[in-house]
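Below: one structure in structure tokens.
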Amino acid sequence: MEEKKEKNGFEPRLVGILCRWCSYQGADLAGTSRLKYEPNMTVLRVPCSARMSPLFLMKGLTSDIDGILFSGCHPGDCHYISGNMNARRRFVIFKKLLEFAGMEPERIQMSWCSASEDKKWADIVDSVTIEVKKTGPNNKFK
Amino acid sequence: MKIGVFVCHCGTNISAVIDVQKVVNDLAKMPGVFAMDYKFMCSDPGQNMIISEIKQKKLDAVIVAACSPCLHELTFRNTLIRGGLNPYMLEIANIREQDSWVHTDRDKATEKAVRLAKMAVAKAKRNQPLFPQEVSVEKSCLVIGGGIAGIQAAIDISSAGYQTVIVEKEPSIGGKMAMFDKTFPTLDCSACILTPKMVQASQSKKVKIYTYSEVEEIGGYVGNFNARIRVKARSVNMEKCTGCGICWQKCPVKVNSEFEQNLGPRKAVYVPFAQAVPNVPVIDCVNCTYYRSKRQNPESKGLCRICEKFCPAGAIEFDQKDKIIEEKFGAVIVATGFSAFDHKVYGEYGAGRYKDVVTALQFERLLNSSGPTQGKILRPSDSKEARTIVFVQCVGSRDESKGVPYCSRVCCMYTAKQALLLKEHIPDANAYVFYIDIRAAGKNYEEFIERVQDEYGVLYLRGRVSKIYRTGDGALLVRGADTLSGTQVEISADMVVLATGLVSNPETVKLGQMIGIPYDKNRFFTESHPKLAPAETQTAGVFICGACQFPKDIPDSVAQAGAAASKVLGLFSQEHLMLEPVLACVNQKICNGCFHCRAVCPYNAIDEEILKDKSVVARVIESKCHGCGNCISACPVSAVDLKGYTNEQILEQLQSLR
Amino acid sequence: MKYAYYPGCSLHSTSREYDMSAKEVSTRLGIELIEAPDWVCCGATPAHVTMHVLSQALPVKSLINAKQTGADTMAVCCAACFSRLKIANYHVLNDPGKKAKINRAVGAEYNGEVAVKHLLEILAKDFGLENLKGKMTAKLDGLKVACYYGCLLVRPRKIMQFDDEENPTIMDAVVETTGAKTVDWPGKVECCGASFSITKTGVVLRLCRDILQLASDAGAECIAVACPLCQSNLDLRQPEVNKKYDKKFDMPVLYFTQILGLAMGIDWKKLGLDKHIVSPLKFLKGKNIIK
Amino acid sequence: MKYLLNVKNLNSEFVREIQAESKTRILHCYQCGKCSAGCPIANEMEYKPNQIIRMIQLGMEESVLKANTMWLCASCITCTVRCPREIDIAEIMDVLRRYAFKRGIFPAAVADIPVFNRIFLRNIKLFGRLYELGLIGFFNLLTGNPFKDVLLGPKMFFKGKINLIPERIKNASEIKDIFKRSAEIEHSD
Amino acid sequence: MKELIDKAKELLKEKKVETVIGYREIRGCVVPAYVDSPCDADCLIFDKRCVYNLANYLKWFKNKNVALVLKGCDAKSINVWLQEFQIKRENIFIIGVECYGVMNEKSADAGLSDKCGHCEAHVPNIYDAVIKHQGDKKESVQGEPFKDIQEFEKLPHDERWDFWKKQFEKCIKCYACREICPMCYCKECIVERNIPQWIMSSPSVKGNFEWNMVRAFHLAGRCVECGECERACPVNIPLMKLNKKLIKEMKELFDYSAGQKEDVKSAIDDFYPEKDIKIDDKMIR
């Protein structure tokens, strides 16, 4: 009973690593449009989704973060020509590995979000938050 | 390391949702951190406050917790410079767009603001001063392609006083425009408006023209490109030749002329057309009797040599060799133009088997008074005057099944022009145009189409042609449809003109890879931004204009050439260029030389370097690096890192959340 | 060289001469054609316009039966049957969903293991044009032939993988091994309206008229075909065409196998040349090809 | 002809089924008319092939099924081969015919074609192979035209081209089973 | 055997190579052999006890002329090395040996090693000379090569976590897996670096997890399934299970198998926009 209560009141700590050209600007636009979304995600800005080394996923999880989101430009829109294409492959492979090792897939997410997709950004944050809330806290390394 | 955190209220934009005071208090509890707040941090008093705190508290790095870095990062970087700090010691915590504006719960929003600020502090702790790299600019421009776009760009740049080099692969500049008869919608003669431009370019002291030449290699970076140009042997001495024309009058070898689209002859020694610039012939080694005899028997003296015998200037040099020229350029303009679509893939239109099914470019030559028929519209098969002509639009345009899904933009207009010219040549001729949609978006274009239909009585039929074949009497039967009336239509024609579309040049891919211009799936060059940077490319210092980017008519090509030229001039007006210091760098001590970094780099910015111990390691060519960080993620040993976004910085940021 | 053989309904009735000549020619060339035991009708157009699964199941049934002959390739003469068999094979090989349905309908497991080839392909590619030339004993010099392919041999290219769909040349090449001249004419792949021979005879007459006209315009003396449906339309309906359109066509429509047979010196009776409505005998005698 | 255009018609079951069955995007057609230009039978058609495609785009189920177009299609595939948008028009015609066959809709003017198809298939079902004499006889009987082509008959018989007795295959029952199972599968879709 | 010895002798005699690295037998055990002179070459052997992947020894012979005796699986590592510019092709001479399975060192019965179960490379795909297999060529077991992986994937995630947690708890961070792996040739492994510290050095749950994830990930698209890491692990962690998972994913997602060719981009560095877009449906929002 007590455990359940804790789960309901659980506020996950989430990190979003965003590329500065598309996703970060999309998130800014969500602010300019005054959309409302869950406050759990802290955003970290990098130049390109290609900068998002998959090892950040692992380091985040072993640092007790409950969920990590990578977000970059849509395929074909990368400011650096093809960075997101490389990022996609790396992410997918590493996510498969982490899942195989027993990580919940909800904790490891990636999205494409363009500078004009403010609504999509808000939806992404909300659904990631809800999914991780359902999954519960990440205390595998505590 | 002492870090100052400055939290902005932004009026009430931030403070209405976030408890600014709590953020300041929480941050100030961190070791080595000083924190304060202000109503408008970006205002002059706000900035001055930061400056005085930097000086007073001897701050090493500054965090501004305010609006998005997209807005005021530059502002605050300048503030840091004024405070005596390196501008890259700044971090911004975005607590407005990504916090106060998107959340309503005051406690949670404040908590998030604290997290954002702490994350910025974690990063700033590992910040290093960065310094923009300064490079010089070689004030000379390479223009690849000597068509109307290339010529215009060269004229514009040279008239501003800068050196320009045109490299053209054909024996003369002029490009496709030189082949046209008249231009739409004004019907001025193409040669009459092009030739003066060609002459202007060739006579300018600042323009150097290499015809019959190709760019073999381009290296370097903005301001400092190195090009290797191969000037092919034309077997005629450019200095000695006077262009008198005796050689090609005497030459006994006749072959089909490429310029006349195989409708007329040229000699083995030839200038492609009368107004050629330079007016110096080339010898076509493949067909020349001398070269053929030499190939068969290298020991012999060689047959024929009539041109050599008759040349009054002694300009024929059979033993000329290709010349390689290496030059430095500050900027490159690519204006390689297009190729006409080859209709061989249209089996239903005869796949080139019917002589009287001609391409638009061939028809252009038939119309031209200096063309193979002196401007008479004669059927290639039997030289009879063609009285009924069917024009078929969209051959090699808007046809996915033939691999050309796009609209070539100019065919509607040139077909209308050709139909009009036909009617002017032979007033009682019958002209039919099969079209799908008429695209006449341009100044006076729609009016032109109207004239062709109303005044000249050209009959437009809305539908594609399904089959063209020769009937027993030598006429061509065109089987099409008129979808507006819903009927099948058959026309017995003397000649059919296919409005062949514009496709990319076969060299586009090779050139694009060499210079670093991406190309789309139709192999046209991709501009840097489809709206805001239509003449720029992903590679700094390289510009595009004309039909190599996408099918364009003459006014658009000329306009884009001017745009490209003005970008080059903007570049040349600077003595030095500053390069962004957010770049990759290699720790060569631990680099394995596996070159996964090179495999992923979209800019070819990774080079090999051989160390003293003979091991081969990676090196970043800083001027080519755009700082995307792809190589960093690819490196298994973290030997590469991105200044300003190091692995360590990001890990600290992640761990600041614990 | 051993092939399973699918004659098809027409070759057992209205187009006996195609069956006879194909077998004669193959025997001479040492190509063994073993008739697939208990082959069934391919379903032709009526099947694929009414029931999709059935139209694939019928050909597959024959292909399964062909396995019993031990050959891995099935030779087909009729262009319509060829098309149905090849399309069924294509779906089995490329569409797992359809394959499952077809197998369920047939009640057996078939994975596309039998390849389908038209006799033209076998002669031109497997046997080889040069080898074919070597087998010719009489030269048919002076014979001007229009090769008529019809619709179903070449279309759609994605599935048939046969030849160029607008200007095929494979039959021309095969016929030219006999020394006969083929004409370049635009009617090669025009439609004769085959499936409407009985229901919409009027349409067929118009289309046949066009084809015969194009062939005679191109200077052809006879038409070579590789499909019994094309043959019966052009041959059987020729008197009607003449009557309706007031024409005087006297254009023999021969199977390419008959032409090959003549050049190999096979007796014309064995080639069924007496079975044509527009008799070629007089014409061939005039050319000194048969006595 | 006035037609009430609404969303319901545009997204009707008809439009969706034709798209799904033919695996084509109907809306991809830009009405160039090349299919109609090359069609050997377009002359006889009430609506030309491109018009039929347009009518499907607009969801005009009734008009499409009432037209004789699909029944006159000779399946020569010229349209598909030449379509610049890679739309399989011939397949769409097949799908339309099957759609109509399932629902028993045949326009009176071309009713003889589906009748022929039915007799043809029954023929195969009975004998496993085609029995031409029976086919033509039956067809002429059913279409009320018993003496059509009657002059060709003896000519062909004497040339040995017509079998008086149908050829039969040994395992005719298997063929009946295939017919039965195909129909079941067809109807379960 | 004679063929092998003759080849080695010839190479050494003609000074084509400085050393031949092969297998020899000492007191009933098969061990690696370095042969420098033709007269020593008689000791060389090859049979199903020759389990080691000798490509690993290239780490110490990077710029030297050597000949290596390699099985089909081992030779694939050479392709990866060439892909990553670690050696020059002309410096090494590959004596490929046709192989139909090596023994399983860890299990008592004399069955074949697990990796041989689905071997597709009986003959190396890169070699300068091939020594033919003597005796019967028993084909390997057919069937689904990734059956065990698929079954493990079906378990609920907490069971998977518990399994690996137990396995990783055994890890003593001896790095034998790294030393034996021919792909782990880094001058300085990132586990040894603390700026940035990707991997916690202590043998805790966290440190062990980090190490094993990074080790496996760095082999994505590179592991040639020689099975050496698992064989070398003193505490019997089923490391090949992780490697095989990645091999499976590389194959299924990108249609790529490591070590097939020397002149292609590794799938992890490569992309095919049209094909990759299909990944998005399931994996990326």
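Per-chain residue numbering starts at 1, and chain names A, B, C, D and E are given in the order in which the chains are listed.
As a convention for this text, a contact is a pair of C-beta atoms (placed from the backbone, for glycine too) under 8 Å apart; a residue touches a chain by one contact, two chains touch by 3 or more.
It should be emphasised that the depicted structure is a prediction, and the values quoted were computed from it without experimental measurement.
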Subject >> Mutual neighbours - chains that touch chain A and chain C alike >> reply: B
Subject >> Chain occupying the most central position, where position means C-alpha average >> reply: B
Subject >> Which of C-D and A-B has more C-beta pairs touching across its chains >> reply: C-D
**OP:** Report the inter-chain centroid distance for chain A and chain D in whole angstrom, where each centroid is the mean of the CA atoms.
**Re:** 54
Subject >> Where chain B and chain E are represented by their mean Cα positions, the distance between them in whole Å >> reply: 46
Original post:
Where the centres are mean C-alpha positions, what is the separation of chain B from chain D, in Å?
Top reply: 51
**OP:** At least two other chains touched by the same residue of chain D: list those residues.
**Re:** 43, 78
Original post:
Mind pulling the chain B residues that touch 2 or more other chains?
Top reply: 348, 467, 600, 634, 647, 651
Subject >> Overlap residues in chain C, where contacts from two or more other chains coincide >> reply: 165-166
**OP:** Chain pairs that touch, all of them, please.
**Re:** A-B, A-E, B-C, B-D, B-E, C-D
Subject >> Partner chain C, residues of chain B touching it in the complex >> reply: 347-348, 351, 353, 467, 469-472
**OP:** Quick one: which bits of chain E touch chain A in the complex? Just the residue numbers, please.
**Re:** 152-153, 157-165, 198, 200, 205-206, 209-210, 212-214, 216-217, 220-221, 242, 245-246, 249-250, 253-254, 267-271, 273, 276-277, 279-280, 283-285
Original post:
Across the complex, what residues on chain D touch chain C?
Top reply: 40-41, 43-44, 72, 74-78, 80-81, 88, 90, 93-94, 97-98, 101, 112-114, 116-118, 120-121, 124, 128-130, 132, 135-136, 139, 148-149, 152, 155-156, 159-163, 167, 169-171, 174-175, 177-179, 181-183, 185-186
Subject >> chain C residues within the chain D interface of the complex >> reply: 9-10, 12-16, 38-41, 43-54, 57-58, 61, 101, 104-107, 151-152, 155-157, 165-166, 189-191, 193-196, 198-201, 203, 206-207, 236, 274-277
Subject >> Interfacial residue positions of chain A with respect to chain B in the complex >> reply: 11, 13, 15, 17, 24-25, 27-28, 30-32, 34-37, 39-40, 42-48, 50-54, 56, 59-60, 63-65, 79-83, 86-87, 90, 122
